[in-house]
Amino acid sequence: MRILYSGESHMEAVIAVIEGFPAGFHVDVGRINRDLAMRQDGYGRGDRMKIESDRVEIYSGIINGMTIGSPITLVVRNKDVRRESWNPEDRRTIPRPGHADFAGATKYGLDDFRLVAERASARQTASWVAAGSLFTQFLEEIGIEIIAFVESIGDVKTGHIEDPFVLKEKIESSPFRIPDPGIEDEMKSLVDRTKEDGDSLGGVFCVVARGCPAGLGSYNHPDRRLDAMLASAFMGIPSAKGVEIGAGFKSAGLTGSGMNDGMEMHDGKVVRKTNNAGGIEGGVSNGEDIIVRCAAKPIPTVRRKIPSIDFNTETPADSPYIRADVCVLPAMSVIGESVMATVLCKSFLERYGCDNMELIRRNFL
Amino acid sequence: MRILYSGESHMEAVIAVIEGFPAGFHVDVGRINRDLAMRQDGYGRGDRMKIESDRVEIYSGIINGMTIGSPITLVVRNKDVRRESWNPEDRRTIPRPGHADFAGATKYGLDDFRLVAERASARQTASWVAAGSLFTQFLEEIGIEIIAFVESIGDVKTGHIEDPFVLKEKIESSPFRIPDPGIEDEMKSLVDRTKEDGDSLGGVFCVVARGCPAGLGSYNHPDRRLDAMLASAFMGIPSAKGVEIGAGFKSAGLTGSGMNDGMEMHDGKVVRKTNNAGGIEGGVSNGEDIIVRCAAKPIPTVRRKIPSIDFNTETPADSPYIRADVCVLPAMSVIGESVMATVLCKSFLERYGCDNMELIRRNFL
Amino acid sequence: MRILYSGESHMEAVIAVIEGFPAGFHVDVGRINRDLAMRQDGYGRGDRMKIESDRVEIYSGIINGMTIGSPITLVVRNKDVRRESWNPEDRRTIPRPGHADFAGATKYGLDDFRLVAERASARQTASWVAAGSLFTQFLEEIGIEIIAFVESIGDVKTGHIEDPFVLKEKIESSPFRIPDPGIEDEMKSLVDRTKEDGDSLGGVFCVVARGCPAGLGSYNHPDRRLDAMLASAFMGIPSAKGVEIGAGFKSAGLTGSGMNDGMEMHDGKVVRKTNNAGGIEGGVSNGEDIIVRCAAKPIPTVRRKIPSIDFNTETPADSPYIRADVCVLPAMSVIGESVMATVLCKSFLERYGCDNMELIRRNFL
Amino acid sequence: MRILYSGESHMEAVIAVIEGFPAGFHVDVGRINRDLAMRQDGYGRGDRMKIESDRVEIYSGIINGMTIGSPITLVVRNKDVRRESWNPEDRRTIPRPGHADFAGATKYGLDDFRLVAERASARQTASWVAAGSLFTQFLEEIGIEIIAFVESIGDVKTGHIEDPFVLKEKIESSPFRIPDPGIEDEMKSLVDRTKEDGDSLGGVFCVVARGCPAGLGSYNHPDRRLDAMLASAFMGIPSAKGVEIGAGFKSAGLTGSGMNDGMEMHDGKVVRKTNNAGGIEGGVSNGEDIIVRCAAKPIPTVRRKIPSIDFNTETPADSPYIRADVCVLPAMSVIGESVMATVLCKSFLERYGCDNMELIRRNFL
């Protein structure tokens, strides 16, 4: 399966093309729109989210609600299209530190940082979520469920969670996508205070997949390891600065006997007492919950002044403020759910074939 | 540039084939052997390391010490070759929790866990280091230097380091590859104690690249982001459970104004006061030091008993003990240097062309 | 550079997404539409062509007429969209021999041959031509020109052509895209007669690229050979059954001394007396004209009865007739121009870098 | 499945690394050696073939004769290794027209044409044949048989063959790999005469695969078409200048009703009266014999003088003569068998999964 994403923030649309998805799968388009809405939700979002109310349009690959094996094109139109407003005289020459502006303009030889920001924007993740929703639906059909939730915003942290799946409703109804309603007020006041300060917040979110069969990924080549693929996918989310699997950084302080998840046989099934491995041993899924945790830095665009440079004059200048959210952790966790689904679906199809549902069912079940 | 790695622990050799490396580059084979030796060094290694003393053999792609543009084959022979010892009657039927044994045998339909362990072994990283040494040499020629060092083993941590490059000699002469000789004794006694306990240790290492031009990687597609490629490469190292870039997980607790690395112009050059981004903004290198930190879980194979299952009888059994190291953090940091070099070299060649050094010099310099 | 094409004949659109095209290139959208029109032209087309009059819409990647480095999305809408007409009761159960119907339904587990024919249709080539026009424009900017023309339709053949570029106007104004107006009447009467017969025609077309620098492609790996990439691209055109480079099948009957294109030096430039190699030696462009010839079988859908099977009843049935062209050689030659441009552009960017036009100009010129 | 080939003519070895081949397959190493010997056989070979007598060495991926899922490394050592003979003073500065010399040196910025010829040599195909033998064995296990034979050398052609599989013994025992012993004397005298003339010969060979299930390849993307993949693979064989599928170039002169292979149902099976499609419709295998024909130009290196240039002095010079074969059609047909096996195996594994034989059998049978 190959996927290409495209689209800018203020051009026609963001788009996902998915080549190699099996034929014969029935797609719930309403579910894609629900997942798109979840990406736009969450306390702490700026005005942009009120402008957009994303709906997917199926341009190809799905007929009468069923995939036919051909490439699937998902189009999510932008509401705020600016076809006429790219006057070179209005070009922006001051980059925002923390944003792709400077590095991106260097790469592409651009002298207008607006042109970088068009694509280097969280807007592109709408197309990931549209595609991810398709993959999530596929995974659910074969018995794999995914849940994403926020663990911390700034220094406000949720308590330890035993099983996020039993808290699914709480998570999905929370404005912060946290499983722990007791700290919502604290989070709200942190977000409000930070907004007033003209600043922004980061945090940590967690994504868990349950029901994944053992045998996805491979230790045979570094780029085929499931953990490596997940690390790439999560670190590829805009603002991600850290990724861990299972016990993650904590495992550095454990001993082997404390880390290893002992095995038992119950009713012909392998059972583990712990899941420090986060469901992946040797780069291969082992049948336990797959657990990925991801650290997000705060949104780079803030009202507070950050020293920058006007590249037109090569003189000091304040980083420009452009409409932005204060905290996007809830949205990021939804994106995390999508990228988890994308990686697992890809790995599943590599193992069980990708031509059509009939073959997959014969091979898998 | 495409790379394939192959080779088991007790078959002929581990091998790297590198297709698409530029012609006209002069390779120092002695340097490859030195880097291979560094991978085998370090306090806390087991007996295997005394058996192996790795030397690279060039099977193709380099004539008279110069690359000619054709695929390069690097062969590192195994000393401990067991051509005759794979009697199916001796098959191992008890997997080691924490190791690829169980998940790998499920994937490949194998009923002998020895066959998984042949490839799912740190031995394969010798071929990564051989290739990585070639890439490191290339990067040094164009002005990019990389250093890797250990930050912690178990709960023993080095202090904060201002600039690892000035401590290079200390790091490379330390049995723990730490920049801070004051804690070597503490680390030694921790390793010795753990060895006696029949247990193993994890830790954290850090890799820094200096001199990398702005413009490697891209925000345009998630799999082309430099941070995503680094996350994949580091998480792909056996035992890695966490990866972070720059401030990493700490950035989750910062505000935007605390996180963003303000820019100044000094003598026509962009200068930053901080480097929380770790040299990557929007998935693109920004010219600052690229900083990756990686958490390693303890080696899974320990003398202490871990509950497992004999899959032959489906009854409880202790995880088998197989000759193993107690702590491989120094080696892992060397591997980390290699994977950093691999990712940067690949990204560099994508930007500046990969046919021959003459074209690269014209384009880059 | 990665490209994905998508889209069916009667869904929303056919689409091309191009990831990795350089920034800073100025695109002539009118030219894309002109090239799309050329694909629809030609004597012998059926009714479909009168319905469609393709126009490209830029969904992403181009702002103010300039590429910005981000993925480019080209959308060519279908006029004849059938959102509501996929009633399973109307499913088609008789495949057309010569068409993808049977093989495709087997692959994708489909029981309605209409669903195969939606994608397995020359309609998808509209998106190739849209993308190809972009690549052609790029190649022209760096001095590479491409021309495509028809050599034969059925048994009517053009005479030998010395230099197709001097005949460009003739070719582009000919309803058969032939350089030889003297045989147009003969071709017309053949097409008319065949149409009356309820039959269809194949033919041969030729594509020539001039100005291509030596050094594209590589002998180092079979899939990187320029001739292999061209063979794949041309054989990938619907209805293609044969591809040859330079002297092609004729070279099988030559001796080495008759085949080899002797070299001379004129004014510091390498000059060849012949071009039997078709501009490619050892899988690498050698600076001479690149010449590809492609055989197209006749359109499979004909009014004449072809024995087939009704898979619903497993009884004999006539192959169904569906609106179709009699002869598409002129269109195929235009598509051939596009695939030649696609392969050359890709190979050029691999050699000279793909980030932005400034770097490419520095490296190439 | 990913494959990389490496190795020069006079360095250590030619090598194939195959990543992603299923575990649990039993390999016949003797068969690989037999196939390697077939590549070296044939009337008209030069001295090199007497020097080499290729044997495969398994460096990785196969234990006790069984694949274990890890990357397979096949090494075929060169007999004529020249480690010391690359004195730059002996560099060759006159390219051979028809050979990669000039184009390759331009690509890689080399000033010694010997360095191009090291890799741009038919020697590399030994590693393709070693890998191809593995794939052939796999295909035979699942019921797919392949045969390759020569159709013409120079202007001497075999007659029409009804079914090459019944002539397998004749083909394999013929010094020309022709199914038609009656013309062997004529071919011999042509080869002898050409050798005396200091010239070389080309020809045409054909490869047929029987038993291939319908459903390999796809019309959904041009690079996934089975015909496109075969065209790339065959045109990638050194000296190939033309490729055709089924009726190939002849189909250009047929009408649709003459071309289409009508279908009948016999005993619940689809039967065709003709196979003009060569087993591929719409880029997908249709269950019939897959037929590929390939034109090979004559070997470029000949004793007869070809005008060239000494690039050291920029003056006219004769193309140098280097030990070479007169005619390699028999060898090329063996290579053709290998590339057919490679493409079909890859396509089969994409459809039916590639992890292990057990899963493949469940899915396929």
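By written order: A, B, C and D. Residues from 1 in each chain.
Note that in this section contacts are C-beta pairs under 8 Å (C-beta built on N, C-alpha and C of every residue); 3 or more make two chains touch, one makes a residue touch a chain.
Predicted, not measured: the structure shown is a model, and the values here were computed from it.
Contact with both chain C and chain D is made by A, B. Chain centre most remote from that of chain B: C (centre = mean of CA atoms). Centre-to-centre spacing of chain A and chain B amounts to 26 Å, using the average Cα coordinate of each chain. Our note on geometry: chain A versus chain C, Cα centroid distance of 38 Å, whole angstroms.
Measuring from the averaged C-alpha position of chain B to that of chain C gives a distance of 45 Å. Multi-chain contact residues, meaning those touching two or more other chains, occur in chain D at positions 4-5, 19, 69-71, 104, 107, 116, 119, 215, 218, 220-221, 351, 355, 359.
Chain contact summary for the complex, chain C toward chain A: residues 2, 4-8, 11-15, 17, 19, 23-24, 57-61, 63-64, 68-73, 75, 86, 88, 104, 107-110, 115-116, 118-119, 355-359. Note for the complex: chain B touches chain A at residues 4-5, 95-104, 106-107, 116, 119-120, 128, 152, 154-155, 194, 197-204, 214-223, 225, 227-238, 240-249, 251-265, 268, 270, 272-273, 276-278, 280-287, 295-302, 304, 306-309, 314-316, 319, 339, 351. Listed in rising order, the residues of chain A touching chain D in the complex are 19-20, 69-71, 215, 218, 220-221, 350-355, 359, 362-363.
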